[in-house]
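Step one of this worksheet: look at the structure below.
Order of writing sets the chain letters: A, B and C. Residues in each chain are counted from 1.
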Amino acid sequence: MTAKIGQSALRPDIARFARGEGNYVSDIPAPDALWIALARSSVAHAELISINVDAARRVPGVRGVFTGRDLAGTTPQSSLWDLPGQNHTHLRALAEDRLRYAGQPYAAVAAETREAAVQAAALITSDNRPLETVGSIDESLTGDTLLYPEWKSNAVAKQHWEFGDVTGALTQSHLVVAERFMSGRVHPMSLEPRSVLVRPEPDGSLTIWTSTQSIHQVRASVAECLGLPEHRLRVIAPDVGGSFGMKACAYGEETLLAFIALKLNRPVRWIETRREAFIGSTHGRDHRFDLETGFDADGRITAMRGEVILDKGADAFGVSIGTAWISGAVITSVYHVPAIDISASGLVTNKTPTGAYRGFGQPEAAFAIERTLDIAANRLGIDAAEIRRRNFVPSYALPYTTPTGLVLDSGDYTGLLDLTLSRFGYTDRTRAAKSRAMGDIRTGVGFACYSEVTNFGPSALCKAIGVANAGFDVATIRMEPSGHVRLFTSQTPMGQGIETVLAQICADELTVPVEDVAVVHGDTLSASYTGYASGGSRGAGVGGASAALVSRKLADQIRRWGALVLKADPAEVELIQGGVQVVDDPVRRCSMAAIAGEAYFPSTVPEGLEPGLEARAVFEPSSLAISYGVVAVEIEVDLALGTVRVKDVVFGHDCGVQINPKIVEGQIIGGVAQAIGASLFETIEFDDAMLPVTTSLHDYFLPLAADIPTINLVHQTTPTPFSPLGVKGVGESGVIGTPAAIANAVQHALEGSGLLLTLPLTPERVLKANDTLR
Amino acid sequence: MTARVQHFELNGQRIECDAHPSKLVVDYLREDAGLTGTNIGCGEGVCGTCSILVDNCSARSCLLLLGQIEETSVLTIEGLAGHTLGPVIQDAFSRHFAAQCGYCTPAMLLIALEYLLDGTIENHADKTVIRDRLASVMCRCTGYQPIIDAIHDVAKSLALGPASQKLRTTP
Amino acid sequence: MSFVPQLLAEFPEDGTTMKRPDFSAPTSLLELKHEYSKSPEGTMLIAGGQSLLPALFKGRSMPDKLIDIGRVAELRRLEFGSGNVFLGAGLTFTQILASKGATVLPGLVAALGYVGNCTIRNRATVGGSLAWADPRAELSLLLLVLDAVVVTERREFALADLYGEAGQNNLAPGEIIVGVRVNGCDAKKCEFLELMPRASAGRAVIGVAVCCDQLGSLRIAVSGLWKPQICASVVGCDLGAESLAESWLTDHCEAAAKLADIAFGWAYRRRAAAVLMTRAIESVRR
């Protein structure tokens, strides 16, 4: 099958999944492996005085019990994001002298069966001296109780952007909207829990199978923590059952299992339970954004002053305050803002750490700015679409550097807004909504714009903003002697279909059927080093670019070998329909197999070539690419119960060139579904003692099919000039603008009520805003 | 310890096993029968990832004891292709991109089969009915839309004539 | 709080091997009675297991023995005449919904439609639902307003007497629910409404059942507020629906221990109960 860029080539892995042949870490047979179970803190904050493991050791089948003391000789896990002046937690996989959140592991059991390991872990107890808990951003700010006394405060790091005379501009503004926008704590909730299997190999090396997005980060982390050389570590990500950013960084369990495997010289495995996933995998969002935005009488933004604070939870590992950093950096979105004063910071609290989650600070920022624009439009008596048109960065000004230093690369913001709203029937629906009141049911219509930072990221930018790894991507390619192609990538499939996208790119460049390209992924043995694997919406734009570049290099070799076979001048031949032929002379043609046969067993080797067909290429993005879009929704709210149903979504977007439109569509629709969950149902709650109360899917309400309406897409295509294929990322698009759009629509339905400023829009919050809660 | 042999049919094959009757079916499938296509999502009966069919009715295999499937006919994803409708549903899922990470996919396919075989439903091609039925299984990736489209597609292609009745009732 | 999952297995303090509950699956009521009477204390009956197994995972102490009632033919009796219904304890909700008798019992299709989802309804049974006494269960809420009678292998009694203060069941050791009977429901009108956390599936936040007899007398039950489900009659009342709901809730507000709900606060649930009750009363009076 030909599968050019822009065609929806089928994903072969779906057929495999549909046969039950998914291969997740927990499916990998290891009958000789010991099972690991963890003892986790049942208190939020305490000094850890001693740990009692005797009873656990006596459980039949237990082969080892480990505590923080055993790990004392290892190096603490470092942070992927390290801003100037950042405080570090220096934590290891098991707590040592202090417990800082309920759920923090402090001991591990290795046993012959899972039952024995679990039973033994349940028998481990600790003697603690309770400490005051820090449960909120406000409590953390006071500094009365410090999680890390040596820091002298609870702040992990801070970032500040300043441009223009904000005070002056705000003073002279016709209207200032100043509100506090809260994006609640949610769980990324991949359906496959995390899982790790470590096997000591006969040659002294270790193989680690783990459910991760980032095989090289895991390798680097285990190598650093345990002082192991990287060429003795092989990290494999088999099928990954969803990750959504939650599996973007290395976790302590990978290091811990490698440590135990080496100590006991046995394979060891751990499969996270769902309860553990709720407390032990990183949470998302939990941002508070105080935003003050000035407007002139025509609704043009004059200035912004804002402070975003992330509740980081108890450990700054992984992405540190990255989500707050991005939130601050994208607050001006696709709008022209003449003056800004924005700060971003993250504070530690006695909760499960927050980390990367699809959207990564951008939904939080979009919620603040898009709610602000609706509030301003309402107060100024300007249409919500018109106020945005007046503030968009015009197309002629692109590329445009925002006051926080991001470059808006390409697009037509007004064009897409108008197209989407017209497809949605915005004007008619807005008018009709009011007349549709039935009993307690009201209809609301709203929309929000968004921008999405994609193709992360230029290495120089990474360095400048404190990200510890470079952002280039390496691809290698080999045409086998049979004329079939293998592409080796460091991108990680986790359901997004990147392997199909890459195969399509290669097939297109080499003019071969897509079945003739096999993509090898998820293995540090075959993949070149990548600082970031898949994440930051970079798979297609950055990983795809290196795949294109390497295919072009290979194509050049193929052309020259083909010319040799055809006895033609290399300048006269071209790759076409899976072979090489003389331009305009289809009779003089040879197949890939014939070319590969010659290249692997040559009579003569052309000047500058070597036997065989292999190439390597690096793509270093010169700039980010900013995707953007408009989400229009219609909702129904029950004024008496406060419940909200999303009835209709029209999603307009521009992610540049689409390689596989069905995959793009899947990314957006899936993202919108997650955003509906985070907007209406999903919230992680703690009690007064900072013990997590949401530890089960009985109480964490993932959206079900009936909660998601049919989502219709509107496509606009503006290639980015910063990627050889013109491709921008799309993986996070669905989640960014949707919460703000839903809130705008609910606010529309609750005309005249108090402002909706906190996500999720639980029935209780909706009723409160409507002043009907007695 | 109750020592007794369990008898049941698994993917068309007669099984005799001496695993403990209080063992969870999902553990039996994955550990004893080597059928790892049935995935575990929550282990508490909520997400539906581990769904299987017992006598053509879906069941959470994490809320089912081996003793409870005695003398029943069990279908897991590995046996789906052996059902007349299996390949049709599998093909529709592929064509509609009705999976992303694949973790819920085995359950979704089995729920789809149960739905298409359910004689109490008047119009299998009604998307609202399909949507409601899918409440049995959580999907975190797709937003359900392509899954609904795939099932709808199969339902439409099965003209509701006698031939399709036959197709449905033939195991 | 324990974050360690419970397994369906235990290690005895002194033993070396893992212990799972014994399991038996009698095929007749006689055999079931015999099995159960051997050691009623350490035994749990398992029907669908859709409530029992999650409770065991969450740390409820493991029984020594599980008896599966799924094979007992006498427990799968389904009888319906004009206004009379008998639902055997072993019937699954799917079996009931697929039967012609489902519509004889007013409100039954609506109530069972709120239970979990299709897969749960395939396994969940009448007996399991009643015996488990889940404060949010749909079937018992409906049967309470219909004055259902519980039939065990030794006696019959009003469903309301099945439940104790803390929401546990009052069955004697070894007592087996055979089924539940409802009489005279042809003249009754029922409305069953439930607020769920999402559009479909999952547990109830608030459930309300209202039954109106020929004389216009109402019987109202609510779940999601108190540990036991509260059911009470309103005789000869001509209050408007909203005032009636409010006064009913006020009258019973002190009645029992409040039910905790991680996701929905008391004030909200109290308010939602009034709204649903008002709507249900309006519906049966229509």
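The definition used in the following text is that contacts are C-beta pairs under 8 Å (C-beta built on N, C-alpha and C of every residue); 3 or more make two chains touch, one makes a residue touch a chain.
Predicted model only: the values in this text are computed from it and were never measured.
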| item | value |
| --- | --- |
| Innermost chain, where centres are averages of C-alpha coordinates | A |
| Between A-B and A-C, the pair joined by more C-beta contacts | A-B |
| CA centroid of chain B to CA centroid of chain C, Å | 27 |
| Interchain centroid distance [CA atoms averaged], chain A/chain C, Å | 43 |
| Whole-Å gap between the CA centroids of chain A and chain B | 31 |
| Sequence positions of chain A contacting 2 or more other chains | 273, 698, 704-706 |
| Chain C: positions in contact with at least two other chains | 5, 54, 200-201 |
| Junction residues of chain B - those touching two or more other chains | 43-44, 132, 135 |
| Chain A-facing residues of chain C, complex | 1-5, 7, 9-11, 16-18, 54, 195, 197-203, 262-265, 267-268, 271-272, 275-276 |
| Chain C residues within the chain B interface of the complex | 5, 8, 19-25, 46, 48-50, 53-54, 57-58, 66, 68, 70-71, 94, 97-98, 117-120, 122-123, 200-201 |
| Chain B residues within the chain A interface of the complex | 35-44, 46-47, 49, 76-78, 80-81, 89-90, 93-95, 97-106, 109, 127, 130-132, 134-135, 138-148 |
| Residues of chain B touching chain C in the complex | 1-2, 20-24, 43-45, 48, 51, 54, 57-60, 62-65, 67-68, 70, 111, 114, 120, 132-133, 135-137 |
| Chain A residues within the chain C interface of the complex | 37, 39-40, 42, 59-60, 102-103, 113-116, 118-119, 121-122, 273, 275-276, 279, 440, 640-643, 645, 681, 683, 685, 691, 693-695, 698-699, 701, 703-707, 763-764, 767, 773-774 |
